[in-house]
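The same subunit A turns up in both complexes below, where it pairs with subunit B and then with subunit C.
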Partner chain A sequence: MNRTADYVIIGGGISGAAIGYFLLKNGAKNVVILERNYLTAGATGRCGAGIRQQWGSEMNCLLTQFSCNFFENAEEELGYPEGIEFHQGGYMLLVSNEDELAQTKKNIALQNSLGIESQLLDVNQAKVLTPILDTGNILAAAYHSKDGHLNPFKTTQAFADAFIRMGGNIYTNTAVHGLKTENGRICGVDTSQGHIATDCVINTAGGHTNIIAALVGEEIPIYAERHNILVTEPVEPILSTMVMSLSLNFYCQQVPHGSFVMGRSCTNQPRDLRVTADSSFPENMAATVVKIMPALKNIRMLRQWAGLYDMSPDKHPIYDRFPNVEGFYVAAGFSGHGFMLGPATGQIMAEQILGLEPTLPWNRLGLSRFETGEMILESSVV
Partner chain B sequence: MRIEEHPILDFNRGKPITFTFDGQTVTSYENETVAVALHSAGIRILSRSQKQRPRGLYCAIGNCASCMMVVDGEANVKTCITLVQEGMEVKTQIGKGILA
Partner chain C sequence: MLEKTGVPTPEQVDSIFPTEERLSQGPIAIIECFQPIPCDPCATSCPQGAIAPFMDINDLPIINNKKCNGCGICIMKCPGLAIIVLDMTYSETQALIRLPYEFSPLPQIGEIVLALDRSGAKVAEAEVIRVTKGKPPIISIAVDKALVKTLRNIRPQPSEAAILCRCSDLNTDDIREFIAQGHTTVDAIKRLSRLGMGPCQGRTCTPLIIRELATVLSKPVESFQPGTYRPVVKSIKLGELAEYTE
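And then the complex of A and B:
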């Protein structure tokens, strides 16, 4: 195990792996990733794995646009010939009421202005692209053909493999027990495998971010919320698009292997870092999805699980340095879309830590926005 | 292959039922499962895996996914827990099911 490191990243999900990769790519040396469990054990390996550039805020559009472009070339860039299963089968956001229709039109205008070629489909057009849809439930649908879904395990592994090839070190089954500071500056990390002296630590521990922050008395305004998801038995491909609806409260995709992965927001979810299964979720999920896609009525559910959304007040990520501890950075608050933001997170944190020219407007994603009230509002999260 | 006589058990088979397996007529009895009916007719291969390997009766209690067949057009039917019905159309399932 390293006894010293220039940069220590806490968290072995997509964010940690991507930050590690982009740090090395931009010239950093001696970078270490610490993961309490195994790579993707947290939110990354539990997520719905969709990527869409269809957002209601310019910021989220820009971040996901960056990520989507990256994913398109990730196999070459990261040297991962096995592939990350990026299926750009399109992403459809179903619209079921007039308010949502008005908002969707505004969102599409915004997206189009940023070069995202999303469009509004009528029910017939939606039915052509998603034949299993019962269009009786919807008024219209927003659609973008370059969105879709990809495999979170392979994507994280692709970053991790590239990171290791470039000289990085990953320590799994390695928990962080303490952070050492000296004169207000980070100077080391105590782990279950020993101490690492470092003057730069990046906290990207997802729902556990504030537990790590509390080791030096810091806290950021996020909370972890449990979200549920299930997977079905595999069948021949029948759903190419990823389908989601805010008003109908669900998302659903068919992974390349043939299983359907779907989730919805449930009320009264614990915020105590539990990822136990919610017993009422499968029934509610099934009722929701069968109403919209009746062809799924006889498909078997295989299992359910849960993961943590690290919710920020404005549902945008927080990329910043902790104000009172020099050398201690945070990338968190992804509010349920940290996986799709992964490449942007890596790029932004590398720029921020290494003092590079910003390619994305991350200066608006710092902690100060919660003090000044300059938050960026986003409604489009399931 | 059926046990006709047993030292301690009586078999009160219900009325005969015929159904088809890949177009071939199979005779069975009321209250038998499809898998049992096919087994007694000497049919051992119920489906093919995604790699075309044969799949047959395995757990016989509806837990595993080894006896899934296409029944009356519906794929992924667990035939070991599905009772035969007159005129049922049962087909070998090849690979993943196709949602009807």
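And then the complex of A and C:
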């Protein structure tokens, strides 16, 4: 194991892997990723991996637009011929009441102004693209054909493989349990495999971000909330689009393998980092999805699991340096859509840490926004 | 012997084996059912009434060699896969054995399969003559007449790659490729290949993949962790789940 490193990334999820890759791509050397378990053991390996550019804030639109463009070429850029299973079958956001319709129209206007070619579909058009939809439940749907979903395991592996090829080191089964500082500056990391001297640490520990921050007495305004998800047996392809509804509270997709993956927000979820399964979730999930896509009633559920959303007050990520500790950075607060932000996260953190010209307006995504009140609002999160 | 190995003794087999004379007259069922168990579908299913009605549900079947015409209906009815039909008149040198076969995929007509004895050991090769779909499917094989008392099952010719994960259809070649790419734990291979994510949740494949890892990497089996252990799955329809709400 390295005893010294120029940059130490804590967390082997999509954020850690992407930051590692973009650091090396932009000329950094001697970068290490530490993961206490295995790659994708956190939210990354538990997520729906839905990818969309249809957001209600300009910021989320820009970040996801960057990421989508990256995903489209990721196999070549990262040199991963196995493929990341990016299925651009379109993403449909169902509209089921008048308020939602008004908001959706505003969102589409915003998205179009940024070059995202989303559109409003009437129920008949929606039915053509998603034949298994029972349109009795909806008024309209927002749709963007270039959105979809991909395989989070393979995508993270693609970043990790490229990172290693470029000279990076990944240590799995290596937990961080201490951070060393000297005169307000980070100077080392204590791990279950020994000490690494470094003057730059990036905290991307997902739901565990504040546990890492607390090692040097820091805290950022996020909390970890459990979210549930389930998978069915694989069946023939019957659903190409990703389908989601804010008011009906669900998202659902059929992955290339044939399985259906679906989730929804449940009330009263623990915030104590538990990822145990909620026994009431499958019933409510099934009831929701069967009502909207009745054909799914004969498909069998295989299992459910849960992961953590790292929720920030304005549902936008936090990309910053901890104010009181030189050389200690954080990328967290992804609020349930950090997988699709992965490439943007990597690019932004590399720009911050290496002092590069910003390609994305990340100066508005720092911690100071919670003090000045310049938060960015986002309505479209399940 | 039977209780421990599932294989009857030669004496038991002889006790129910048809006479030379009867065999020379055409196909006949051979019922190798030697344990008194509460089971009687053979007796009630024979359209010829060739299997004597049971006085007690635990009776053993007794077949009337004159009445049995070798139709094979009883083969599919026997839950113990205890019945075959033997036709010694198939050709000069070969006999035809019709046996129940519960494995997938089914062999093809004309395929040369391994012919096994009652313990599952390979004894000879045999040609598949007929494949009758059903529950279970019935395979007819042509075998050397000298082996009709020995051969009772078949197996496909071994391919180079053995199946490791039945739920996700992964074989040793697939797994070796992942190991060659540097994925050397059960969890690492699982998240890239779906191994262990099907109904058995790793019950079948986990020990197999650990053995494969140990062999390829020349490390002891005990040095590998089994990965996340979850209960076996009984899948349930979303529609049934949905009915539990309200």
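We take it that the second predicted complex is superposed on the first by the 382 of 382 C-alpha atoms of A that agree within 3 Å, B and C clash if a C-alpha of one lies under 4 Å from a C-alpha of the other, contacts with A are read in each partner's own complex, and residues count from 1 in each chain.
Note that a contact is a pair of C-beta atoms (placed from the backbone, for glycine too) under 8 Å apart; a residue touches a chain by one contact, two chains touch by 3 or more.
Values in this document were obtained by computation on a predicted structure and should not be read as measured data.
Student: On subunit A, do subunit B and subunit C fit together or clash when superposed?
Tutor: Result for subunit B and subunit C: clash.
Student: For A:E236, select first, second, both or neither according to whether it touches subunit B, subunit C, the two together, or no partner.
Tutor: After superposing on A, A:E236 lies in contact with subunit B but is clear of subunit C.
Student: Between subunit B and subunit C, which makes contact with more of the residues in subunit A?
Tutor: C
Student: Going by the contact rule set out at the top, does A:A286 touch subunit B (first), subunit C (second), both, or neither?
Tutor: Only subunit C; A:A286 stays clear of subunit B.
Student: Looking at the overlay, does A:R300 come into contact with subunit B only (first), subunit C only (second), both, or neither?
Tutor: Both partners, subunit B and subunit C.
Student: Among the options 8-16, 26-34 or 80-88, identify the stretch of subunit B whose C-alpha atoms clash with subunit C after superposing on A.
Tutor: 8-16
Student: For subunit A, which residues lie in the overlap of the subunit B contacts and the subunit C contacts?
Tutor: Of subunit A, residues 233, 296, 298-300 contact subunit B in one complex and subunit C in the other.
Student: Mind listing the subunit B positions that touch subunit A in their complex?
Tutor: The contact residues of subunit B facing subunit A are 65, 74-76, 95-100.
Student: Which subunit A residues qualify as touching subunit C in the complex?
Tutor: Residues in contact with subunit C: 38-41, 45, 153-154, 157, 232-233, 257, 282-287, 289-291, 296-303.
Student: Going by the contact rule set out above, which residues of subunit A touch subunit B in the complex?
Tutor: 132, 233-236, 238, 258, 295-296, 298-300
Student: Would you pull the subunit C residues touching subunit A in the complex into a rising list?
Tutor: It is residues 185, 187-188, 191-192, 194, 197-199, 201, 230, 233, 235-239, 241-242, 244-246 of subunit C that touch subunit A.
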